[in-house]
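In what follows, structures are represented as structure tokens.
Look for chain A in each of the two complexes below; its partner is chain B in the first and chain C in the second.
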Partner chain A sequence: MKLKSLIRHETFLAVLLVVVLIVLSFQSDRFFTIDNLLNQGRLMTEIGLIAIAMTFVIATGGIDLSVGSILGLTAILTGVFWQNVGLPLPVAATAAIAAGTFAGFVNGVIITRFRVPPLIATLATLALYRGLAEGISQARSVRGYPEWFYVLGQKDVLGVPTQLWILLFAAVVASVILAYTTWGRTVYAVGSNEVASRFSGLSVEKTKLALYTASGFAAAVAAVIFVSRVSTTRSDMGTGIELDAITAVVLGGTSIFGGRGTIIGTIIGLCLIQALKNGLSLAGIKGDGTIMLIGAVLILAILASNLFERSGTRT
Partner chain B sequence: MTTTVEATARSRTAPQRPGFFKRLFAEYGQEIVVLAAIVMLFAIVTMVNPRFISANNLTTIFSGNAYIAVAAIGMAMVIVTGNIDVSVGALIGVLATISGSLAVAGYPIWFAWLAPVVVGMAVNAIIGILVAYARIPSIVVTLGALSILRGGLISVTGGTWITDLPPDYLIAQKQIFGLPVPLVFMVVLTLLAAFWMRYTAFGRSLYAIGGNAEAALATGIPIARRTVAVFVIHGAFAGLATILFATQLQVIQSTVPPNLELTVITAAVIGGVSILGGSGTVIGSTLATILFATIGSALIFVNVSAYWLRAVIGLLILATVLADMLRRRGRGA
Partner chain C sequence: MSNSTAYVSLTDMSKSFGGVKVLKDVSFDVRPGEVHALLGENGAGKSTLIKMMSGLYTPDAGTITVDGRELKFSTTRDAGAAGIATVYQELLLFPELSVAENVFLGNYPRTATGIIDWAEVRRRTRDLLDQLDTFDLDVDTKVLSLSVAQRQRVEIAKALSKNARILIMDEPTASLVESDVQRLMAVVRQLRERGVGIVYVSHRMPEIFALADRVTVLRDGAHVATRDIGEVDENQLVSMMVGRSIESLFPKAQASIGGTVLRVTKLNHGRHVRDISFALRRGEILGIAGLVGSGRTELALTLFGMTPATSGEIEMEGKAVRIGSPRQARDLGIAYVPEDRGLQGLVKAMAIRKNVSMATIERLSSGIFIKAGEEAQRALDAVKRLSIRCRNIGQPVGELSGGNQQKVVIAKWLETMPKVLILDEPTRGVDVGAKAEIHTIMGELVKQGVAIIMISSELPEVLGMSDRVLVISGGQITGEIDRADATPERVGAAMTAHRSGEAA
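This part shows the complex of A and B:
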């Protein structure tokens, strides 16, 4: 029954995506072109990477609001390590990603060791990490990165935007881990019933610690891609991206209470949001109208899937 | 979340009541911690720079942030019932635009003040119904509402500011009995709400819902209706906060401070409202708002670059949360 309702939500969402794609391609003949679609893939990579990690986090019943700030902090550190400290750019970027991953690890420690609810813990570090980014940068931006660095965010590999390969790779690896490994099962178990999981001998704390660390890592990688895509570093990068990522995850059918959710759902949710953003702007509707529509789609999709599920449970 | 239920039960039924201060600390521990932090901060910064305690600066600290405290009152109630609202920042932006437009368009001033309260209640009634009757988790509903309101705000205003506000409209810049209006609003609303939550059956039922929804239902509390009601009340407070926010300057910007909703949530939580529901007071949330404002002002007075402000606040939030967790654990919770 549970599997059935899962399939239902994602099927429902996939159908919705197809309908949206068809409608949008009638609205503008520039929408359904390979170039445009690939470019949209480029634009959704950063949110995508974060949303994939967020799927795991939310599936355990947690949440990570600090990812946008980790993104900003990592971006600033990349610039500072390279320009002010004078490290070679690859080393600087790696060091910054390590720092961002560590920021995620700190979240995990606060949540597992001190038993602070994830919402509060990451709300606090949201302020802290963004504050560190602002303090370190002193509102100065870093520009003038070497040309080769832009391959990551602005160029193609085999005709597909470089970062889209990274997103695809991450999505495939994450789906396999979540769906087919013992560890993935542990994630669902922790989300469904944490106490029972602990009594079953599952290492609940270790799993959570690993997930928040991974979430920091995903945000950090997204940061370097972001910097490469926009050719500059600013401390306000990634502000609000946590809400976009959570929207994609929840739209994709992951239960905010944990225990349920798939990577494919998240990816469909992402595509749906990006298609709406792009298609509507091509059709001449301003970005603000699109944001409104995404909000409405989020509420309606969850409402619809709730109704499906309830009718399923009754019969 | 059980601690407060136990604590209140204890304070009512225990045969020998523990001493006054012991009870005070058991019930208002977090509030006392925050208050102590404010007092200490004032003492230290005033020693470094006596101008910190000047009337001018105090007005900035208390009046400039009163709207956050007022919004945090409603948020505290919502969180006490075990729900959350991430859309309040965008809502305040929308309400401010509505209110300002009405004032500029020549409607009576009282109407321009009333409108945000009524619209705020209406919007949150919809949110409350979706949470209580359609059973969509509040974080999902309000995430959606956040997008809708934020998008709506930009598409209506197009990013332009509202100027030429009538002088009578700017209530936040006026004084009652020699005190700034926002300060009076903040104190009166906080006390009213605290009293209501502590001593009325309706107010106490919010703790019951957040503490143990099943038990609350079993005792006959109409959870769904109360949930809608609490969101509507929260909407009214958002409307009142809007009045203070919209009238504090000569113009109304089409944007609200970024992450306003998170600031409001943080104020409620640092003030002692458990995010798991069932405990916390609005006195705490107001004190926490004052603490943030004091920190912000203090940094300027001790010559720390304003760019470090958020890092310091973040660190303090973290320290408060960790201290609270250790305190709770110490009590065996």
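This part shows the complex of A and C:
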């Protein structure tokens, strides 16, 4: 029953995505071209990586609002480690990713050890990490990265943007983990009933700690790709990206109360948002209008999926 | 049997959910000033019937006649207006509001200017509570600080505030201790004398024989019989409910008792586990009796590692062990089937298969991947072995009846091959048939050498199933009684006993 309704939601989303693509391609002949679509893929990779980790977090009934700030912090640290500390760029980037991952780990510790609700804990670290990023950067931006670094964010591999390969790889690995491993099972169990999971001897705390750490890692990797894509480092990078990621996850059918959700749903949700953003701007609709439309699509998708579920089950 | 005096009559009521007929042409009536008991196993259609009476469900077919007029209820408000009120099993009060606010919620008396007349609300609430002989309950207390029994009386007062002529009580004693049960029964008798008709849903036979004037039995959504209580005895009622006769209520299996498997010495945790010492032997059923709040469940939680012991020793098969988490308890061979099945025992939204494997998921995997085939096979075996009634192992556990849900929890823990199985209220909210099945399962387990600790509020169950009874009061052991000496009087006396050095 549950599985059926999930498939229904994702089928519905996929159909919606196709409809949106068709409608948008009639609005502007620049929309449905290989070049444009691949470029959109490039643009959605950062949100996508974060959304994949966020799917796990939300499926346990949690949330991570600090990912945008972790992205900003990691970006700044990459620049600072490379330019000011003088580390070689690969070492600097790796160290920055390690710092971002650690920031996620700190979230996990606050949530599991001190039992602070995830919403509050990550709201606090959202401010904390952003403040840290701004303090370190002193409002200076770092530019002038070596040419090879832009392969990650601006060049192609086998005709497809480099970072899109990373997103694809992450999505496949995450899907397998969520669907077929003990870890994925624990995520769903904790999201459906945390108390019963604990009473069943599942390692609830360890799992959550790992998830928030992974969420920090995803945001940190996204940061390095972001820097490579825009050739510069600023401390306000990634502001508000958490909302885009959460929108994609929820649109993709993950329950905000936990217990259900899939990676494929998240990816479709992500594509839908990106297509709307791009297509509408090509069709000459202003940014405000696009945001409103995305809000409306979100509400409609949730309503439709609730409708399916109700007609399918007894209570 | 004539309906002429009935206040409410339901005639040929039917209801289906998603193509499944859960109620088939059932007729039922209630007269003023009678207690009409409604009996049936879980899933027999009792709750569907009372939900139609109280306006929560609309019947597919059938008529409701109130005081001679045929009515249609589309909301609970309609039923309320017709004088029918319901006290549900899960009490529907607002914990943050006061007693008085709850009683008149949605129905507040107002002053001439249209403002809520709080003085009147409080005065009338006091009046209603006094009528229920509940002089000890302050109308300004927040409901969250009340006991279950007190909340129930608030619910009854709320029903009376709407001048209910018919009061439906859904398993009102399911979570009450004995003294509160007596008090509730007194309230029910008093309401009957005032001419209120009462629909009394319960599994407990003694209450039904003490209270009811008539009894109606449902089975599989159909009406089996309506009788005056004087015409039937307990065995007849049970066989009407289950459609077969149950030979013995507590089939005590003869198992050979072996060596000591668990020994606990001076175990402490907080106020509710104090200096507990006992030994448990292979093949033995150790019953734990005690009032609610005596520390029975807390002892189980400490043994299971949820609330690790602060001092004292635990020995498993002669080796001293420390139990700091349920995982450790599980790995040592201790399993716990918790008291609150829905919250602690099951992930209701998940399939039977996934619930059965939940405590053994690491063992069912190679590397990090779950071996789906083996998992399914084990779940199928468990369903067969414990005769869990379900469509298939992919069915969400939440859709099963209480008894079958409980069997899934037991199956989950049997997968861990426990040496010590702790069962906390194993048959609460379980119908008669499933109860006997669970007792049979316990018998088979002890024959295989498993040691069982059984916590139960039901004294007949404790006395019927246990080889030895441990009585707990105020967090301490107040009695250890062998099966041969365990009489209700002795166990009951120990349950209310206080050890020296105890405040109050």
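Convention: the second predicted complex is superposed on the first by the 313 of 315 C-alpha atoms of A that agree within 3 Å, B and C clash if a C-alpha of one lies under 4 Å from a C-alpha of the other, contacts with A are read in each partner's own complex, and residues count from 1 in each chain.
Operating definition for what follows: a residue touches a chain if its C-beta (ideal position, glycine included) is under 8 Å from a C-beta of that chain, and two chains touch if they have at least 3 such contacts.
Everything numeric here is computed off the predicted structure, so don't read it as measured data.
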So, A:Val85: does it touch chain B (first), chain C (second), both, or neither?
neither
Just to be sure I read the superposition right, which of the two partners does A:Leu243 touch: chain B = first, chain C = second, or both, or neither?
first
For A:Tyr180, using the defined touch cut-off, is the partner it touches chain B, chain C, both, or neither? Pick first, second, both or neither.
second
For A:Val23, using the defined touch cut-off, is the partner it touches chain B, chain C, both, or neither? Pick first, second, both or neither.
neither
Who touches more of chain A, chain B or chain C?
B
After superposition on the shared chain, which partner residues are touched by A:Val172: those of chain B (first), chain C (second), both, or neither?
neither
Is A:Ile256 contacted by the first partner chain B, the second partner chain C, both or neither?
first
First (chain B), second (chain C), both or neither touched by A:Ala121:
first
Hey, what residues of chain A end up touching chain B and chain C alike?
none
Taking the touch rule as given, give the residues of chain C at its contact with chain A in the complex, in rising order.
17-18, 306, 325-327, 329-330, 336, 338, 343-351, 354, 358-359, 361-362, 365, 368-370, 372, 394-396, 399, 412
The answer for chain A against chain B in the complex is residues 63, 65, 110, 114-117, 119-121, 123-132, 134-135, 137-139, 239-240, 243, 246-247, 250, 256-257, 286-296, 298-299, 302-303, 306
List of chain A residues in touch with chain C within their complex:
1-3, 177, 180-183, 185-186, 188-189, 192-193, 195-203, 259-260, 313-314
Interface with chain A, chain B side, in the complex: residues 84, 86, 130, 134-137, 139-141, 143-155, 258-259, 262, 265-266, 269, 275-276, 305, 307-315, 317-318, 321-322, 325-326, 329
